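By letter and in written order, the chains are A, B, C and D; residue numbering begins at 1 in each of them.
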Amino acid sequence: MSIILDQSTRVLVQGITGKEGKFWTKHMIDYGTNVVAGVTPGKEGQYAAGVPVFHTVKRAARNAPIDASLLFVPPRFAKEALFEALEAGIKKVVILCDGIPLHDAIQMRKAAISAGAMVIGGNTSGIISMGQAMMGFFPYWLERVYRPGRIGIMTRSGSLTNEITAEVVRAGFGASSLIGIGGDPVPLTRFAEVLPLFQEDPNTDAVVLIGELGGTMEEEVAEAIENNVFTKPLVAFLGGRTAPKGKKMGHAGAIITAGKGTVKDKMIALKNAGALVAERPRQVGTLLESILASKI
Amino acid sequence: MSIILDQSTRVLVQGITGKEGKFWTKHMIDYGTNVVAGVTPGKEGQYAAGVPVFHTVKRAARNAPIDASLLFVPPRFAKEALFEALEAGIKKVVILCDGIPLHDAIQMRKAAISAGAMVIGGNTSGIISMGQAMMGFFPYWLERVYRPGRIGIMTRSGSLTNEITAEVVRAGFGASSLIGIGGDPVPLTRFAEVLPLFQEDPNTDAVVLIGELGGTMEEEVAEAIENNVFTKPLVAFLGGRTAPKGKKMGHAGAIITAGKGTVKDKMIALKNAGALVAERPRQVGTLLESILASKI
Amino acid sequence: MKLFEYQAKELFEQIQIPVPNRRFIEDPDGIGEATNRIGFPCVLKAQVLQGGRGKAGLIKFVSNMDEAYSQADAIFSKAQNMSGLLIEEAVQIEKELYVSITADPVTGTAMMMACSEGGMDIEEIAKNIPEKIHKINIDLSEGIQTYQVRGLLYDIGIDDKLIGSGTKILMDLYQVFRNNEAELVEINPLIVTKDEKLIAGDGKISIDDNAIFRHAQFKVTRAYYENEAEYDAAEEGIPYIQFDGDIGLMCAGAGLTNTVFDLVNDYGGTVANYLEFGGPNYHKAKKAMEIMMKNDIKVLLIVTFGTIARADVMAKGIVEAIKELQPPFPIVAAIRGTGEEQAHELLRSMEIEPLIDTEQAVMKAIALSGGVKQ
Amino acid sequence: MKLFEYQAKELFEQIQIPVPNRRFIEDPDGIGEATNRIGFPCVLKAQVLQGGRGKAGLIKFVSNMDEAYSQADAIFSKAQNMSGLLIEEAVQIEKELYVSITADPVTGTAMMMACSEGGMDIEEIAKNIPEKIHKINIDLSEGIQTYQVRGLLYDIGIDDKLIGSGTKILMDLYQVFRNNEAELVEINPLIVTKDEKLIAGDGKISIDDNAIFRHAQFKVTRAYYENEAEYDAAEEGIPYIQFDGDIGLMCAGAGLTNTVFDLVNDYGGTVANYLEFGGPNYHKAKKAMEIMMKNDIKVLLIVTFGTIARADVMAKGIVEAIKELQPPFPIVAAIRGTGEEQAHELLRSMEIEPLIDTEQAVMKAIALSGGVKQ
């Protein structure tokens, strides 16, 4: 059905009483997500979107078990909020905010590794298990994009994901899980770390990777395919193939520095590993059709 | 035969070119210890006690595999030297020096736990696998003390260990391994963490614990016995039964604070768990005789 | 935010990393006094952010006052976006090393790199002598350890006599990295002088924009940008890049903007500029339009597919901007996502055809811009 | 090294933890000026290191100048090893809390404890209301996190209005713990005043002796010790404790010394003092003997069983000390370990019987001290 998140996952929302937190918690619940508690210091005893609010994560966790936490906090507080979730023993965290300071992000990555936790983000719309549950903000009401199916999607982008997922759906497919790992230079979970979950998921037939210039994550995926860590079909679309060197292309992580991170290198690596690489969005659908016998 | 250390263990000596480092390295080799390398920054290319010296632990480890490291460094450099050993992947470390700053010691304990390493010390004579190998300084030539046998010994003291081990030998027994966990308030390995190794060692029939006032380590041993983590006979001798409250009794770790750490409480806990407790050194031998059928 | 060399060297000096004697002047008139202080021979270095200054004739070695005046004049008239000129003592070079610190996103640590062959660009080093680049990883929580730095210096094989001072410089450089929350600190070359000392020959520091709120000392000024449009966009927090083609891109979402950028190039169009107004900037259609109007573009291509960045809000902003600013160029728009029906109605009200398909929008924009370039 | 309350409060004040207005005087003559500055009512607090000052009459509440003079005189004449007198404004107490930070040797972290019932000794709190003590563990590498402190304060149930100021005080207290490498920092009571503020009523800080080399500001003076012998021993780095019995213990090795201490007590002897000259001090027999001679002991009991602390070196030192200092008391010696044969010869040369057995040595010393006490 999905990876990381399903309808049984007990979700906490840190920063639930903010405007965005409340608004999207309501949407998450409407979509089927099992939101069990929220945290905002000083607001214990209140309810937000019908969910009980606690002063701290530990106090929320004492009240009811928690499997995953979604952070609706400003970037400058992201590190501390993550540490709080990890200290309370939560092993799945999604961080939405854009603009986490780099030095904080490094320490967060290290802390996530040490805790053995899967921390998704920052700078992402979150994750959605199609038709079941979501942590983050997805316009699930757009039927030409958000359709359940058997394609796993992982992405560094927001709007581009809508664009590409619409092509997946146009070709007659749908998604199992969509994992937004985010557009930061230090994604707290990397593409290659998501792949094993899609590999194990009996309801995912193939994966669509939506990448871009900058970093080495796409190369790591190529390596995972070469090492047979991932053996299902993979279709990649990468933005920024014609981007110039040394300019941040929108995302902080989308930059070619010290000769590393060009889309061309990434495309070669993926092709050499046996992945299919789309040059234009429309090709994503046709490539999927070429390799998958069944659409459902 | 022994725990932690035997003749096959490849030992590094950090701080090997100092006077003590060189002197005891020679003794260690004479006793049978497999010392493969030493480290002193700036002295790569030299030899000390016949052992090649390297600038850094990593460079030594590149040259030949290392299983364990012995630190002959002053207390103010102990933390950094330990970090260097751990970063090089060494999983057994013995730290001899007395006077490690408390805040350093806390961080060292945390780092050892995180690295999954057994770090023995500080403020100890080290460890000796009787008749085979030693890391540290033991007067192994004193025959009325250092005799191989089937008793595991673990201790917080130096001179008292000679006193008690002499009683073990006087009663006709000998030691398998002697583990000096040291007299600091933050021992980097605790008694209860050594016990499982003695439990598994087919050549250890019983354990003698040499404890003292301060801390909660003896209580943790009682707990391990109660939980059947350790099921062999255990004889304990604890110094400082009549010590006054609030005074450091020699060792920094030997102090009764906030009502915790009295020997009387420790004795009660051990007795209740089923351990035998000697009130005077001489009784250690007689208690061993009372429980063990064979001395060899 | 990239710092100029003279700023990097000030930060180095504050933390006691050795740097050459130097004077910074903002005007060619200052050259006489500056060279008197520094003495001859000395080096004139244009304070610009781009690399390759030597090849561009923006670094000049001068040995007397006449040369100093003429070269300073030449540099001041040649360099663009120059914050000023650095006059620096000429250091007697025995050897040049490379050292830098960046973030390692894989391990979640800081990565310090060193190489015994400095002076050239790190890319060239990585391409030509990768085996000579040595690296250590530093856990930000534990902080840097002297044994790590010592090990790195031993590994690049520097002289035993320089281990002590080299260790201190790299420990201090790490403090510059941490204290200022830098993305990059680099000393290249780290010069070994003929009298066996180490001194920072050049300095590059890039401060993390996301952390600048904690470092009020760094103020972005016009000097950091190539033109008005880039500066205005930066002031608004809008990602913006200047090119010299025909089609202005005003898109929402970095990945989508990059994709549109590729499609324009693929189908033979040329990009005039790149403006990304997604995320927190989706309300800023009017400001974005103002920035686009600072350029002589032939057509404006708007592509969005947003969630929180609602299509109707963006369309409303665009319609208002058109009414108020009356941009002189034609507009092609594919605005999709949350609220797209209202968005399309709004566009139709301005006689803009609401497109659904990104490729179709790109083709139309290219056609309007005068067709495919050869 | 334990600090006096007035020193602890100075450290608190430096880091902006709220403390009462106060004056420290070293002489009863200062009481007039001090109370004029503080105003009445105020509290006189003897600056001594031992606890239980209230019960011992070393803390007095005074409401006029006459009381102030008479109570100050009384305290100055009664208190021993007093560094001075603290005159402090009387705070209006609504409630008293307890907070402290120590090291947690099991997890390798700092442990912050808090309790809603302060004012009494932590031992009493732990005995009477253990369920009211709440704890958090702080990773020294990561540092303290505000959510941890907030959680602790919520858990002890303090008023919502005090969460902000309470969090700041505990974050600052952690800095005191870290910056000074303390073994213990404690505020007890942390007073909630009638006007809803938090203020440190008392302060205990103990600095790690092993780290004092990094904190030159802490100087040990005679005022920290109960008598000359303890001060002299501390100056030499020799562990020494004063008792009031007959037998002086001069032993090497902490565990062995503790064991001899127990045996003397078990067999009915009394200990005059405890001196441990093992480890790095094994060369210091003469200095140890000098310290022993500052006390009126009936017999000196020397027990060692050393490795690096060589028996022959210690025996040689003892023989030299006897020759030079001619101690007036009989000596019982069981000196064993590395080089014990030579050690025994040396002892015999001074007509001291070299014993092998610790218990035998203890019995002999008790007999020489006048036998078993009833």
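Note that in this section contacts are C-beta pairs under 8 Å (C-beta built on N, C-alpha and C of every residue); 3 or more make two chains touch, one makes a residue touch a chain.
It should be emphasised that the depicted structure is a prediction, and the values quoted were computed from it without experimental measurement.
Listing every chain that touches chain C and chain D alike gives A, B. Note: the chain lying farthest from chain B is C, by mean C-alpha position.
Among the pairs B-C and A-C, the greater number of C-beta contacts is found at A-C. The centroid of the Cα atoms in chain A and the matching centroid in chain B are 48 Å apart. The distance from the centre of chain A to the centre of chain D, each centre being the mean of the chain's C-alpha atoms, comes to 55 Å. Each chain gets one centre point, the mean of its Cα atoms, and the points for chain A and chain C are 28 Å apart. Contact with two or more other chains is made by residues 107, 111 of chain A. Counting only residues that touch two or more partner chains, chain D has 139, 141-142.
With chains as nodes and touching pairs as edges, the resulting graph is of another kind, matching none of line, ring, star or complete.
Pairwise chain contacts in this structure: A-C, A-D, B-C, B-D, C-D. Chain C meets chain A in the complex at residues 103-110, 122-123, 126-127, 139-141, 178, 181, 183, 208-211, 213-214, 239, 241, 251-259, 261-263, 265-266, 274, 276, 278-280, 304-309, 336-338, 358-359. Considering their complex, residues 142, 145-148, 150-151, 154-155, 160, 163 of chain C touch chain B. Residue ranges on chain B touching chain C, taken from their complex, read 41-42, 44, 55-59, 80-81, 83-84, 87, 107, 111.
Contacts from chain C toward chain D in the complex involve residues 139, 141-142.
Within the complex, the chain A residues that touch chain C are 75-76, 98-113, 125, 137-139, 142, 155-163, 166, 183, 185-187, 190, 210, 212-213, 215-216, 237, 239-244, 247-252, 254, 258-259, 279-282.
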